[in-house]
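What follows is a pair of complexes built around subunit A, which joins subunit B in one and subunit C in the other.
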Partner chain A sequence: MSDKSKGLSKAREIYLNRSQRAKELKAAGQTIIGYPCVYVPLEMLTALDLVPYQTCGDIREPVTEADRALPSSFCPVMRNCLDCALKNKNDFLDGMVTIHSCDPQEKTARVWESYTNYPYFHFIDMPITVRPEALEYFRNQLNDFRKTLETFTGRKLSKDKLESAVKFHNRQRALVRELYELTKPSPPQISGTEIIQVLKALTSLPVVEGNDLLTEVISEVKNRTNGLEEKPARLLIWSSTLDDTDIMQVFEAKANVVMNESCGGIRAYRSKVNFTDDPLEGLADYYLKEITCARTFRQATLGETRKDYARDLQSRFGYLKDIIREWKINGAIMLLVRYCDPFAFEMPSLKDYFDSIGVPSTYIEYDYTIGAMAPIRTRIEAFLETIDQ
Partner chain B sequence: MVVEKKRTINRLKSMYPLRAKVNETYLKSIEAIQAGKPAVWGMLNFYYGDPILKAMDIEVVYPENYGAIAAAMGVARQYLDRADAEGFPTHLCGYSLTTLGYASRMMKELNGEIPPEAPLGGMPKPLFLMSSAAICDARYKWFQALGRYMDVPVWPLEAPLPGIKEFSIEDYYDEMVKLGVKHLRDFVTFVEDIVGRKMDWDRLDETTGLMIEVNRVWHEVNELRKASPCPMHSRDFWSAMPAALFLAGDLEDSLRLYQDMYKEVKERVHNHVGAIFDEKYRLVFAELPPWHSLAFFDKLADRGWNFVIESVGYHPPIPLDLSRVSDPLERITKFSLQFLVGYYQDALKQNVLGGTTAYPYLKYAREWRCDGALLHPLITCRSASTHLPYVADMLIEKMKVPSLSIEGDIVDLRLFNPEDALAKAEPFEETMEHYKKVRRQEGFDW
Partner chain C sequence: MYFAGVDIGSTMTKVVLIDESDNLLSTIKGPTGPEHRQLANEVMSQSLEQAALRIDDISCIVATGYGRLNVPFADRQITELSCHSRGVSSLFPKVRTAIDIGGQDAKCMKINNGKLTNFVMNDKCAAGTGRFLEVTAATLGVRLEDMGDIALKATKKIQISNLCTIFAQQEVVGLLSRGENLENIVAGLHDALASRVAALARRLGIEPDLVLTGGVAKNKGMVMAMKESLGCELLVPEEPLLTGALGAAILAKEMYLKALAKGEALPTKPRQLEKATFFSQEKR
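Coming up: the complex of A and B.
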C-alpha cells in the first residue's frame, strides 16, 4: 500500500491486497493468527499482542484443491476459504482459531487442521442456545482457548490486558456503527461497496490500525462534497456473507444499499462487549447472544411451554424493525449463500416477518462465485421494478 | 422340481423377532397416538432425550425416519413440492422438506388432521418438538421452521462437540458433563410442565440402566463381527439397530433379544459360519444406506462382498463403566458424550483430527480388517456426506484401504443407480486386490 494513501483510498488498497499488511507485520516479528468466522473473540488475540487476520474466500478463485476434502454440495464460502489455504495463500499465518458456529465451520476446521501445519490451531465449541448453562459452557470454552493461547505464546492473559483489548474492539464497533450512520441520509454519504472495502480491510489489520483507518474514513466521508447518486430504492441486505464489492456493485447499480446485515457488514459490530468481573463472561455473553447469525436458536421466552408465531418472529427478527425505520429502508433482499442451512431455513419465516411490517422483500441465492453476478442482476432488477410500482 | 434359490445373505434368525418387536412397537405407538395419547416429534438425539421421554411414557415419532418412509412409499414428492412452494430452498435436507411440506398440508389444509395419503398412520400434531444440535444444523433449524405451521414449543437439545486435541485440556470433559446435566434437568422440568406430571426418578434410573446395558450387548454383538468370515451382514445391523438407537420397544424385551442375537452370532463365529457364503471382500459402509434399494447388497453378496461394519452414527457408544454414577441425568450425559468422544484418544494418537466422523472408519478398517469402503454421499444430506472425501483420503493414506463412492439421495430415489454402481464393482475388486498387496508390502496384517 502506498505510504500516502489515507481513508477510503487506503481501505480500497488494503481490500485489494489484504494480506500485505499482515505479511509486513509478520516480517517485523509479529505473530499472525487466522480465523474464518466473526464468532472468534478477537479480543483474546489482541490482548496477547497477536494479530487477528480473517481468512476469507475469493469469489474469483475457482475451487480446485478443496475438492480433495469437501464435496461440491457444501458451503461455497468455506470451500473457497479452505481452497485458498490449501493453495498456500495464507502461508504467513502462525496459527488458526476455528469455531463451531455452524456445521460447515466445524467440518472445515477438522480438514483444515489435518491438511495444514500451523504451529497453533484451536477449535472452540459453541452451544446453539442462549440458555444460562449454554452461556456458562461457552465461557468455559473461552477459558480453554485462553489456556492454549497462553501455552502457545508463553504469556499470561491478564485481566487488565483483556479489558484493554475489549475497549479497543468496542471502539471499533462504535466506529463502524458511526460509519453506518452515514448511510442514513438520502442520498447516503457512503456506498455499500465502499463499506465492504473498509470492513474487509479491518479484518486484516491490528485493531488499533483499523480504528485509525475508520476514523480517517469517517472524517473523509463527512467532508465529502461529491455526494452519491440518490436511487429509487434504499435496500437492506440480510445474508450470511456478503463481503465482495463486485457482488455489492450489482445491487448498487440501481439502488442504494444502506444496510448490509451480514458477516461482511454490520453484524459483528452492532453491539458491544460489556465489562464484567470475569471478562470471559462478558465476551461469552456478547458473542453468543449479540451476534445475530441464524445459527443461534432464539426463542421469545427461554424454555417456553407455549408458543406464538408472531412473538417467535419478533424474538428472531425484531431487531430489523428499528433498522428499517431508522434507515428508511423500502426493500429487503434475503441473500442466501447456497447450501447455508441455518439461513436457508429462515427464509420463509423472515419473509413472513418482512410482510408483517410491510417491507417488500425478495429471496436471491448465490454460490459465492463471480458467475453469480448475472443472475443476481436479473433478480434485483425484477425486484426493484416491483418496489417502483 | 423347483430348486429354491439359496439366499445370498445368510440373515440372522435372531434378527427377525427383534425386528418384529420394533415393528410391533411402532404400530402400537401409532394406535396409542390415534387413541389420543400425546406424541412428541423428536430428532435422533443420541440418547440425550429419549430415555427421559421413555421414562415419562411419552410416545415419540421421528420425522427423519418418517421422511425415509414417505420417500420409499412414493408420497414424499408432494410434500417436497409443497415445501418448495412455501419458499424453502430445494437444496435443504430432503427429510426436513418432507416434514415441512407435510406440516403445511396438515395444518393449513386439513386443520390439524393427519393427511389421508400419509403412510403408516401418519404423524399427528405433536405436543412439543424435541430437536437436537447433534450432527447437523438442519436438525434444530428444521424444527424451528415448523413454528410457521404449528404453535407448539420446541426444546433444542444441546450436544457439545469438542475438538480432538482440545478434548485433552484439563476439566474439558467435566465442563461438557456439567452442561449436559443442567440442560437435561431443565428439560425434565419443561416436559413435566407440558404433560402436567412429575418425573418418576426411579423409573428414569431403571430406564437409563437398561439403555446402557442394551447398547453394551449390542456393542458386543458388533465386536464379534471382526471374525473371519464375518458372521453378520450390515443388513442385519440396520434391521436390528432401532431398538438400541431409538430405544424402540420395551427395553427388557430388547435386552433379551440382543442377548439372543449375541448367542447366535457367537455360535456362528465358533462354527466359522459367515453372513455370506463365500466371503471374498470385507467392506465398511458409510453412511446412510439406500433404504429403498437394500436388495442391492444381495447382488454385491453374490460377488463375495461382505459388509462387516457400517455407519458410525448408528453404532452404540464404546462401553463405559457408569455403574458408580448415581444421578441418572449424569449417566445419560456421559453415555451420550461417549458416542462422540469414545474414539478421541485413539484418534489423537493416530493424528486424525476429524475424530468425530472420520477416525471411526479407520478403526473399523483396521480392526474389522476391511478391504474396501463403500461410501454413499447424499445430495440433500450434507451432514452424512461432507466428511466422506476426507474419510476416503484418510483410509487410503493411513490404512491403504480404497473407497468406492456411489452417489444417492435420501428422498430423490432416482439418484441412486444400482446398475451403475454394480458396473463399478468389478474394477473396484481389482483395486481392492491391488491394495491388499500394498498393505502386505507395508506391513499391515490383513
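Coming up: the complex of A and C.
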C-alpha cells in the first residue's frame, strides 16, 4: 500500500524533502531557478529548459538570520523565506526571479539580491491594477524578463517553445482542478492536508514530472476504498498563504477543508493561459487577472462615479459564491497572516460578501510559526460550534 | 442525576457540579499553574468531596477552557466561548452580548437563546487581557486584587498610550519616575484596558443585555472603566469566574437529557479520575 515511489506517498516524501529532486537535477546538469511567489510566469522558465523551484518558508524554523535585514514587524512569510535563503538552504539555485506582487516581496527581493550571489537575478515590476494600460505595462515587463533570460541562457525564447510550455502548465492547472473535484463528494476523497503535500511537491518539480505525479495521485485517490472521515463541516479557507500541513491539520481536526483558496492551494490553478499572437500577452493577461490575490486592485466598472457596493463585492468575490455552491461549503475561514496588509484590508469587504450570501465566516490570524496553536484551535472550534446548530 | 463542568483556564481552574434542576452542589476555583494543569483529577476530587458524591454518580462531564484536552475523564470538550454563553444565559436569560476578560484572552460573544452565534477574540497577545493588569501591578508593587480599589481612589486618569503590555510596563516605569501619583496611574491602566476591550466588542456589535465575566470582572475599578468605555449598563454575575464551568455543566446536562429522551447512545463513558498525561511525561 505505502509504495513510496508513487502517488500520495511519493508526494508526501517530496513534501518532506522538497529540495531533493532539484539537487539531483542540478547534479545532472540542469539549471534551477528559484521564485518566491506564484505570480512569476513559470512558462518562460520551462520554455528555456530551466527548472522552476518555489522557495518556501518553513514554519518550524525560528527566524534568526533574516532579522539582520528585515524588521520584525514585517510579513512573516517573507521573513521566513529569506531566513531559509540566508541559512544557505537554497544554495543549489542558479538564479532567482522575484516579482512586485506585494511590497514585502519587493523589499525582500532587494535584500535577497544583495545578500546572496546567484548567477542570475531578475525582478519583475508587476502593476497593481487590471486596467488595459497595466496589462500593456506588464507585457513589456515580461518582455524585459525574456531578454534577461535569453542573455543568461544564451538561447532564444521562441514562440513555439513558449506555447509548448504553456500547454504543459495549462495541463498542470487542469490536473489540479481535477484533484479538487475529488473534494466535492461527502466525505471528500482527499483531505486538505494531502492536497497541500501534493501541491507543495509540484512547485519543487519540473512541470512534466509534476503532471505525472498529479496523474498518479488522481488515479490513486479515485480508486480509494478507505474513505476519509466525514466531519460536521465543509470549510473554505481564504488566505494569502496556507502551505503547511501542521496548520491544515488544526483545521481538519474537526472539519473537512474542501477548498484552500490561497497560494498554497488552488489559487494559481483556477484558470488557464490563453494562446495569443504574442504569447506574452496571454501570459500577462492570465497572471494579472486570473490569480485572485488581494494584492490586485479590482472594481466593478472603470470610471464609475456612483459606487454600488453589492455589485462591487460581486465582481471581486463572485467566484467564491460558485465555489461555495459547487463544493457545498457551510463555513468560511479568513486566515490572515500577521502584517499582511492586502489581505487584512480585503477582509471586511469579504466578510460583508459572505454575510450577503448567507455563509457563516470567521477570521483567524496566524504568524506563520508552529507555536501557539491552542488559541487558533479554540477559535476554529468555537466557530464550528456556532455553525453546528 | 448529577453533571459537571470543568473549566481549565490559563490562570484559574474551575469546577461546577449541578443536579438536573441546575442547583449548584459544588464550586471550586484554584490556580491552574504549571502543575495543576495536569491535575484536573485533583480539582475534580475536591469538588466531589464538597458535594459528597463519587465520580460514578456523575452522569456527564464537559471540559472547557485552554486545558480542555487535559481532562481525560471528560465525556466531551466544548470551547469556553460556547460554555460561557450558556452559563451567562442561565444567570441572565435576556443576555445578548457577553464580554469575558480572562488571564490570557478577552472574548466578546453574541448570544441568542443561550447559544453562541458569533464572537471575536483579542489578537494572540496579552494586550486587552488580565495579564495586562497582572504585569503592570507587579511593576507598581501592588497586589493584583488591590488594583481595582486603588483605581477608584484616583483624582484623575493618566493617559496610557501603549496598549502593548510590555510597552505599557515601560510607560508605567516612566510615569513613576516622573512622580505621578499611583492611584492615577492605576486608573489610567484600567481605562486603557477597558478601551481596548470595548473596541473589540464594538467590532462585533453590542446589544443589551450586556454581561461582563471572567476574573477581571471581579475588579470594581475595571467594571467602572468598562461602563464608561462602552457607555452602557453592564451586568456582572456574583461569581464571574464560574460562568464557563457552569455553562459546561449545563451543556453536559442538556446533552445527556437529550440523548436519554431520544433513546440515543448516552454521551458518557466509564471513567476513573486519572491524571492527564503528556508526551513529555511519557518520554521521561
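Assorted remarks:
Operating definition for what follows: the second predicted complex is superposed on the first by the 384 of 389 C-alpha atoms of A that agree within 3 Å, B and C clash if a C-alpha of one lies under 4 Å from a C-alpha of the other, contacts with A are read in each partner's own complex, and residues count from 1 in each chain.
In this section, a contact is a pair of C-beta atoms (placed from the backbone, for glycine too) under 8 Å apart; a residue touches a chain by one contact, two chains touch by 3 or more.
Just so you know, these numbers come straight off a predicted model, no measurement behind them.
Partner contacting the larger number of subunit A residues, of subunit B and subunit C: B. Contact with both subunit B and subunit C is seen for A:Glu365 once the two complexes are overlaid on the shared chain.
In the superposition on chain A, A:Pro127 makes contact with subunit B only, not with subunit C. Look at A:Thr386: by the touch rule set out above, it reaches subunit C but stays clear of subunit B.
In the superposition on chain A, A:Pro375 makes contact with subunit C only, not with subunit B. When the two complexes are overlaid on their common chain A, residue A:Asp160 makes contact with neither subunit B nor subunit C. In the superposed model, A:Glu230 lies in contact with neither subunit B nor subunit C.
In the superposed model, A:Asp278 lies in contact with neither subunit B nor subunit C. Counting contacts by the rule stated earlier, residues 365 of subunit A appear in both its interface with subunit B and its interface with subunit C.
Chain contact summary for the complex, subunit A toward subunit B: residues 67-71, 73-74, 100, 102-104, 106-107, 109-111, 113-114, 121-123, 125, 127-129, 131-134, 136-137, 140-141, 144, 147-148, 294-295, 297, 299, 303-309, 312, 336, 338-339, 341-342, 344-349, 351-352, 363, 365.
Residue ranges of subunit A in contact with subunit C, taken from their complex: 362, 365, 367, 372, 374-375, 378-379, 381-383, 385-386, 389. Against subunit A, in their complex, subunit B makes its touches with residues 86-89, 91-93, 96, 128, 133, 136-138, 140-142, 144-145, 147-148, 151-156, 158, 160-163, 165-166, 169-172, 175-176, 178-179, 182-183, 186, 189-190, 193-194, 352-358, 377, 379, 382-383, 385-390, 393-394.
By the touch rule above, subunit C contacts subunit A in their complex via residues 66, 77-82, 105, 115-119, 121, 123-124.
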